[in-house]
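Below are two complexes that have chain A in common, paired first with chain B and then with chain C.
Let's look at the complex of A and B:
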């Protein structure tokens, strides 16, 4: 069971934490708030101010503070940077994982430190035309990979250059660009195409940002810290189009292979702005998997529907529905759903509750639902 | 069933109630957009036969809300709300869905072309302006800029004579 919990923790953890639902605030592209145009990783100065003045509640700030003062305290260690070329950030995330809550026989509780990152950014030029990002941190390793994968690792390190406001090129270790980068790496939409917590890859990312189109082309050679036979090499393309001024619809294709398997993933997605911070995220996709000896060749199918409702500043109510079919030629499938609450009482602090019910459907066997919940704490400086 | 019908009729009728509202749609660079909305649009629109006229339709700059308090303050400051607290649309004359008028923002007057349609008791007017033509400087905050072109949609009840 201990091993199973560690595997779960591995799945729940997230390397770079992106909040794609913030399209509900009118931010169609991740580039407004992140150095990485595909989202996740360190926030830029604008992103930190948005975090302080829009995402987080203002209730805990001194009453005499105005919003300008709140914004001015959004830098590292509450300071307003005095220079433009260097930024640092620190992130911690941990959670209480409770499985089978209420069961006298099988309830399991455990606090897990998921993330402890130190980040450094150098940037030069107008609108941060040149950026260099390094992100080093802790990540729990599942039992079966202990000794094979490091607990402390570089999560990201890349250089970026905006050739012009529309076109940028980025090279280094980054997340693969594919589908909606939802925060839950346990999501089937992240598991099946293998774009989870430790699936960053060395490569070159081209980014185009037009008035109504955004496109990414990512060629990658795998994570060079891994043995060559394990590195997933390939490429991905993702295209998004702005619909009705405030929504985004998109599609992704990714092909990758190592010595043991070959994956062809394709999906389509939508990010819908419900206004006032509320949003809907949806994705459907398939992953064709071919193995070296043909023993586990199959096509997986998944669906994701997430809703974020924001009744007031600093508070989001979530709902999550997922579908997964391990092999589309078989009848078995899994549905996972659950509510959640995300609270940002002040900038630098996120508290989150997620409950998950997982049910497997099969014509041949029956299995009991499984329940679990997470209580997360996220602190960033 | 009667109660349900009454509720449906009530909800349906809400969409044709008279209202006053202006929405400014503003694009961000590198990407995204936001809206500045005010429910405090004031003025009279007169329908005479098939033509429409209006004068001194005003909105208080500091009644515009963008969804972020800090952005509200920046918007008001940028539009010189202390010195010029109102935007005013004057001398509006329209026929067959098209109108002309004079818009004053930041103390500067510019002619504007307007397209309009009737929606129940309201007139819905749309026009696009360039902020730079009203002496408003290019906006950029921590690398995120605002487009010069701003689309406006104004909704006001009209009175037939």
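Let's look at the complex of A and C:
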């Protein structure tokens, strides 16, 4: 069981944490708030201000503070930076994982420290034309990989250069660009194409940001800290188009392979802005997997529907609905349904509750749903 | 000396008029005194006793101010209109015709005092509008009057910024009143649903729990009342689907059936909070669900199927994303006092 929990922790932990649902606030491109144009990782100065003023509740701020003062306190350790070329950030995330809560089956509880990152950013030029990002931190390692993978690792390090406001090139260790980068790395849409929390890769990313189009081309050589036979090498392309001024629709293709397997992943997605912070994220995709000896060749299919409603500033209700078919030639499939609550009581603090109910559909067997919930705390300085 | 009766009468009249004049003077100064003492109630009392009195312009200003201070906006409106009729009738008529003809108006050509009276009238009607807690015909009439004076002030370019800001406040109040009105709403919906039930395989040695996982469609609708903030309704639908049944994976007993037809219905009250201007909402439902499904008895005489009560209560979380008249909805519920869950997602359309 301990091993299983650690595997779960591995799945849940997330190196970069992007909040794609903020399209509900009108932010169609991740580059608005992140140094990495595909989202996740350190927030830029504007992203920190948005986090403090738009995302987090204002209830705990002193009443005499106006929004400008709140924005002014959004820097590292509540200070306004005195220079423009260097930024630091610290991030912690941990959660209480509870399995089979209150059921007749045995309840399992455990606190897991899932992320503790230190980040440094150097940036120069107009509109941060040159950026260098380093992100080093802790990540729990599953029991079966203990000793093989380090608990402390570089989560990302890259250099970026905006040739002009529309075109940028980035090189280094980054997340692979594919599909909707949702916060839940347990999501089937992240597991199947292998774009989870420790799947960063060394490579070169080209980014184009036009009036109504955004495109990414990512060529990668695998994570160079891994043994050569394990490195997933290949490339991905993702294209998004703005629809009706506020929504985004897109498609992704990724091909990658190492000595043991070859993956061809393709998906289409939509991010819909339903005003005042409410949003719907949807993705459907397939992953063709070919193994070295053909023993596990199959095509997986997944669907993701994530919905957000924002009753008031700082509070989001969400539903995470997922579909997964391990092999499209078989009848078995799984649906995971997870209602949740996300609360930002003040800037730098996120509290989150997620429940997950997993139901398996099979013509041959019927089993009871599995349940679990998470109580997360996320602090960033 | 004899005084003729007619002369005596005349003298009496004169004395009376002089006394009246003197009394009026005293009364008028009382208004000023009361105003200077900030006794607005006294000012209003004096005015109420003698509304037709010939007050000086300054006193009228004092009275108007006092009435507004006391929240007696309708009395102030009467006073201001009377003043306009008495003193600025020509200008007022001229402005009315210029506005009606859509002509460009030279604000400089109109007396400042008239503009102030229009300003007071607009503010009075605005305050009255702000005092309404719900919509009414009287509110509509007051709003029409408000718009007239707001229009005059805009045309005269008088205190433009202030007029705009006040207009925004009134508009916002009217919108709030509009938003609080509950209206009947109804819709039809179609959902893909899934639910689990349990049964028991009674055997000679011991009983074995069976799990039935169903999926199907639920077609129905809802009817209720909603305003811009809340939605209260009754929702119901009929279910048709099928499911597979087997002993839980952990059990050594083998019993399995596929595609067992299932029918049912679900009905119950719901309440939602509307959280965005697009009509997206989140809420709860408390439905009763009845399902009907017959499992085959095993071929062995020693075993039989015992099906649990098919009537159950559910507490569910409901959310809806509105796209004009169409909507997408999700529902996730847990059976009360049981482990099973029910969920559904689908489309609906308002009518």
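The rule is simple: the second predicted complex is superposed on the first by the 378 of 381 C-alpha atoms of A that agree within 3 Å, B and C clash if a C-alpha of one lies under 4 Å from a C-alpha of the other, contacts with A are read in each partner's own complex, and residues count from 1 in each chain.
The working rule: a contact is a pair of C-beta atoms (placed from the backbone, for glycine too) under 8 Å apart; a residue touches a chain by one contact, two chains touch by 3 or more.
These figures come from a predicted structure and were not determined experimentally.
Trainee: Going by the contact rule set out at the top, does A:82 touch chain B (first), chain C (second), both, or neither?
Mentor: Neither partner.
Trainee: If we overlay the two complexes on their shared chain A, which of chain B and chain C does A:214 touch? Say first, second, both or neither.
Mentor: In the superposition, A:214 contacts chain B only.
Trainee: Quick one: classify A:319 as touching chain B (first), chain C (second), both or neither.
Mentor: A:319 sits against chain C, while chain B stays out of touch.
Trainee: Touching A:366, do we find chain B (first), chain C (second), both, or neither?
Mentor: A:366: touches chain C, not chain B.
Trainee: After superposition on the shared chain, which partner residues are touched by A:329: those of chain B (first), chain C (second), both, or neither?
Mentor: In the superposition, A:329 touches no partner, neither chain B nor chain C.
Trainee: Would you sort A:311 into first (chain B), second (chain C), both or neither based on which partner it touches?
Mentor: second
Trainee: Figure out whether A:276 sits in contact with chain B (first) or chain C (second), or with both, or with neither.
Mentor: So A:276 meets both chain B and chain C here.
Trainee: Just which bits of chain A does chain B share with chain C as contact spots?
Mentor: 276-277
Trainee: For a test of understanding, state which residues of chain A touch chain B in their complex under the given definition.
Mentor: Contact set of chain A toward chain B: 25-29, 31-32, 44-46, 49-50, 53-54, 58, 66-68, 70-71, 127-128, 165, 209, 211, 214, 245-246, 276-277.
Trainee: With touch defined as at the start, can you tell me which chain B residues reach chain A in the complex?
Mentor: 25, 27-35, 67-71, 73, 141-144
Trainee: In the complex of these two chains, what residues of chain A are touching chain C?
Mentor: Listed in rising order, the residues are 103-104, 272, 274-278, 280, 305, 307, 309-311, 317, 319, 321, 335, 337, 339, 357, 359-369.
Trainee: Can you check the complex and tell me which residues of chain C touch chain A?
Mentor: Against chain A, chain C makes touches at 194, 196, 210-213, 215, 243-246, 248-249, 256, 258-259, 273, 275-278, 280-282, 317, 319, 321-322, 328, 330, 332, 339-341, 343, 345.
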